[in-house]
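Shared chain: chain A. Partners: chain B in the first complex, chain C in the second.
== the complex of A and B ==
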């Protein structure tokens, strides 16, 4: 490598780092131009509220993608945790009503499913892609079977407060998302586990030679992603006041889209939970903007799909990429 | 004589189908620099990997300070006072310099479960000072040059020195193959400074370096130690003889077979330039000629080679093939114009590992073997067999996966591939990197065969010696510009000193 190309790649790198933020700012300006309601306090709160669950989901999923793996079980875990949580609080199906104690149960269930993802992926040496895809269907299957396709209605108002309650005018779900982000950020920046995730995602062989416990780290990362997904399930149940297998529909796409749009590389090693928050905001702002502009829902989906492809195309460092698979 | 700090007793190690180490005994004394040489596949890397805990020996023992120990992981080796600098760089580009140095050993900087960046960076700064690398420890390694990353790698190994209270042994597996001479000098002075605190095992293919740096030298061949000799009073020639088990060909680069270049100009560059890499490069490559390009990392010669092979496109200047100007829009374009590239990263760019020998050989010219779209296997195999015989490729069959061959034989498959494709110009980017002495000589022989057949070759040599020995003309580059051109007929080769002056 010559000094010259090192310089150009450094400035290109800087541009790539800031690109997601620039896109977000650009979108805000553009949408605000078409519809001034975009900047109203009500709309901003609505935006943050719709960003809350995806942010919680992305916090765990980012670690998985940073390792170069993928977690496709998101919808199954969210659905099952939401259903179980809704069955544990006051509801119209059974007599159980353990109130907020349902939250740690749901988180533990999510963690257990994540642990199963990681354990199977490591012990059976199956690609995370297939393992988590299977686990996702297992979760959806159980969630559907438990309720035989019905929907549980939640009557526990304290539980619903987890999403709908307001502090300083901002929904509780947003505060929980903020707390999730802080937890994830500290894990990423300040713990050995966080370092090791980057090391594994960059080069697993080297990481192993450095004495990093690869298996334990991987399993822990999947478990952590499961816990975050469990939290997302709780928030979903609290927000809609119900539990059903369909509650998680479309969450996987939003999660992966947001992480990728935020600039975390699917190949692992590059990215951050900060990027993922920006990614979620881009996806949510875009969706919100399209609603404000009166664009049809199906067109909106198409636009989101194009956005992902554009983001991946933008994020790749082509100078080092000779082969595309 | 001091007692050995590290001793290997009668170690054997087998892999399926090959006995990699056969009853190897070996010792390192306090403050000693021990050289370990041998052809590729002689067992050096296996021995080092056993010392470093990556592999376990089938038989035999490792003793540290006279005590028998089991080293079952790199981590364990590290805690026992053995650190290794790997041949393939193990620096992680996404982490910072400090994070790399202390990777896997973050524990000592953890307070209440959180890593203290400040403490880690401060400790890293001390380690960097040891290798005279003036870099902020918070810099991501991706921003460093290749040689700087190698220094980080070495700093990582040296950090053991302050971490544990034992005499340490540092294993250097070919650390100089990617360094330029100034950096090699620096590394050597670091190693010499280390002597009162550490012992060093040094593996290198450059025997001059081994003689210069080491006190004692072990020579390995076919998994055994075949010679042990003090460096003083030994010559490169003797070492060669031990390594290959026969007298070294006195004409290492086959100079007498150097073809007299023809008059036909095959490839001509005029004012070729690529922004940030090189500018105003002109030359005319004639039939049967080997044009050597000399230059240090950053001279622009790698990018020049990639432009000639269509992997990069130049911003300015013209390239003509047999008098006709061409624009290469990609490697495929180059191949159909008769230009092939033998890349330095053989495994990544030169070969398809899970493909067989014959499939690799016919890859660029596949349509010739499949005129109707269906591959004629008989014809394909026939061709492959012919080249295997002609190039003396050691492979069990044409169907063997190319990934399982030795480095030298893989390189021959790459060369055969371009011969099958019938190229007129071949660009050789470090064609002998990481292959053993015997196989290198085979490659030189093949280069002579090719020029005799009228091919024109552009060579980016592994060493300056190689560039001088093999080329008929030499282009010296520095900072992206051609500094000088030398004619190098077999009888009147320019000296290294003459050329180095233009390189740095």
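== the complex of A and C ==
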């Protein structure tokens, strides 16, 4: 691909559309070739299980990136919601035990943080990456401060069932991820809000002239991303049986990597939540493959970093960017 | 007072008010020895933020400085007992290379810098783990005394790290205010298209700014490692937010064009004094991130030049 990507032919365009799926298929074949255990039912369930939380996170974050913005507060929201949820169910720190009622509380909290992101970003007119960077640290700070750096253990088994329980042999976390995907897909395809997101991402000035309520849509999108991040926090707490600020470590990286690897463009307007699911699967399969091949786990973040660069470089429509800051 | 003047002097006034407020409660605060200690503690933050200032002046961002500093501390700690002082330029070279990588990725592939440097931070983090073999590496006291005395020792009653910071302040200020490179950095931040139109190779300006940012982040990592007597792949993890905050609180706008290194110096001192003040009032170390996060958003909102951005993404 050269700088004159405006001349990209239709077939190349189609290839770019299908590239994420081809990459996923290629990876599966390659890893399966080296290690036949890859296709065992046990490993597939393990793959889906480790994809569950990233998928939930990506569902909301995709909308943000579709608008051409970014949400760097993912880790802060996940950490705070996980900590609050684990403090509300039966645990070893306090006497509160409201059971599954903790879930809506965590979702509302995530939504509130997302709303704060969007509201500050819109009202102060600050770029989203700065606003969410600051908010992310606020979230992490609160999560750490509540527990003074300690970890709270969850003893509520019903709550943990949200992640560990199995239906038809498949963990609840996977079903919840599937439900999140359906919700996000319906929002994207079947609501005015979903279409407005695409309009804003494609050309905000025109969208404004067409009468789309930009501010309201943006704030709503950030709120929605917060709710999904809250759900991810609940799932993380349920999965590990504990709440602490460290529970969110590395989540931002995986989320951004998955979304851009799936083919959603950072410049906005191009992509979908379906792409993001494929992107998550690519990232998870790659991580799983590296473990099967005995590569050190600390290399993974480096590989994901390179993956982000490669994917963004391939997906970005540079003709739209006069100045890159 | 117009907006520009306010932006120039407000940080210094804030710093003065903060220092005065704390010294009312704690009479010992203004004692020269205490002031020297505080300034010394601020130097690592300032070194990291000073290079970052150039990048932010361009209107870009570098989210990899904390990873670079950690990696540099690992390189230094691992090699100092084997190669002596050479380990330090080694570490600085590592930082400069990481900065160069960020610049190439963002200018050649035209990737927005907040994403390219985020990605590079992941790569650099992995390198830090690789150099240190995922452990925290101790620097033997003998090596520290022999090779790192210019950081840990003191001259004329003032700790070495303050001298390092002052030299950086002078050199980088001169570079930004007096050199052609500095003028181009300000130009790119103020109006990139105009600089491009006048035939300047903007990518090269950006390249050197990122190399400088990586270099200074690595120097901060070296100083940090020398002070603590060890290097670790997560040493500087908590420093990204304060570093950006120091630049922005000092009055450098994230939209680019407006700013200076001495403002960042004031900004770093403000961050340090706020931290001391919070500890003094009894706000836990854990909760301080909350204040810094809020401070960052507020400072960005105050300093940024909205006439430059039509659509805020």
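Some points to look at:
One rule holds in what follows: the second predicted complex is superposed on the first by the 308 of 325 C-alpha atoms of A that agree within 3 Å, B and C clash if a C-alpha of one lies under 4 Å from a C-alpha of the other, contacts with A are read in each partner's own complex, and residues count from 1 in each chain.
Here is the rule we use: a contact is a pair of C-beta atoms (placed from the backbone, for glycine too) under 8 Å apart; a residue touches a chain by one contact, two chains touch by 3 or more.
Owing to the predicted nature of the structure, the values given are computational and were not obtained by experimental measurement.
Residue contacts after overlaying the shared chain place A:211 against chain B, while chain C stays out of touching range.
Residue contacts after overlaying the shared chain place A:270 against chain B, while chain C stays out of touching range.
With both structures placed on the common chain, the touch criterion links A:198 to chain B but leaves chain C unconnected.
With both structures placed on the common chain, the touch criterion links A:186 to chain B but leaves chain C unconnected. Legend: residue contacts after superposition of the two complexes on their common chain; A:14 is shown touching neither chain B nor chain C. Of the two partner chains, neither chain B nor chain C is touched by A:166. In the superposed model, more residues of chain A are touched by C than by the other of chain B and chain C. Once chain A of one complex is fitted onto chain A of the other, the partner contacts of A:140 are limited to chain C, with no touch recorded for chain B.
Taken together, the two complexes place residues 205, 322 of chain A in contact with chain B and also with chain C.
Those residues of chain A that touch chain B in the complex are listed here as 1-8, 10, 13, 186, 190-192, 195, 198-199, 201-203, 205-212, 269-270, 322. Taken together, the chain A residues at the contact with chain C in this complex read 67-70, 72, 120-121, 124-131, 133-138, 140-142, 144-145, 148-149, 204-205, 253, 256, 260, 266, 268, 296, 298-306, 308-309, 312-313, 316, 318, 321-325. For chain C in complex with chain A, the residues that touch the partner chain are 58-61, 105-107, 109-116, 118-123, 125-127, 129-130, 134, 192-193, 233, 241, 244, 254, 256, 284, 286-294, 296-297, 300-301, 304, 306, 309-313.
By the touch rule above, chain B contacts chain A in their complex via residues 54, 73-75, 78, 86, 90-95, 99, 103-107, 110, 113-115, 117, 142-143, 145-146, 275-278, 297-300, 302-303, 348-349, 480.
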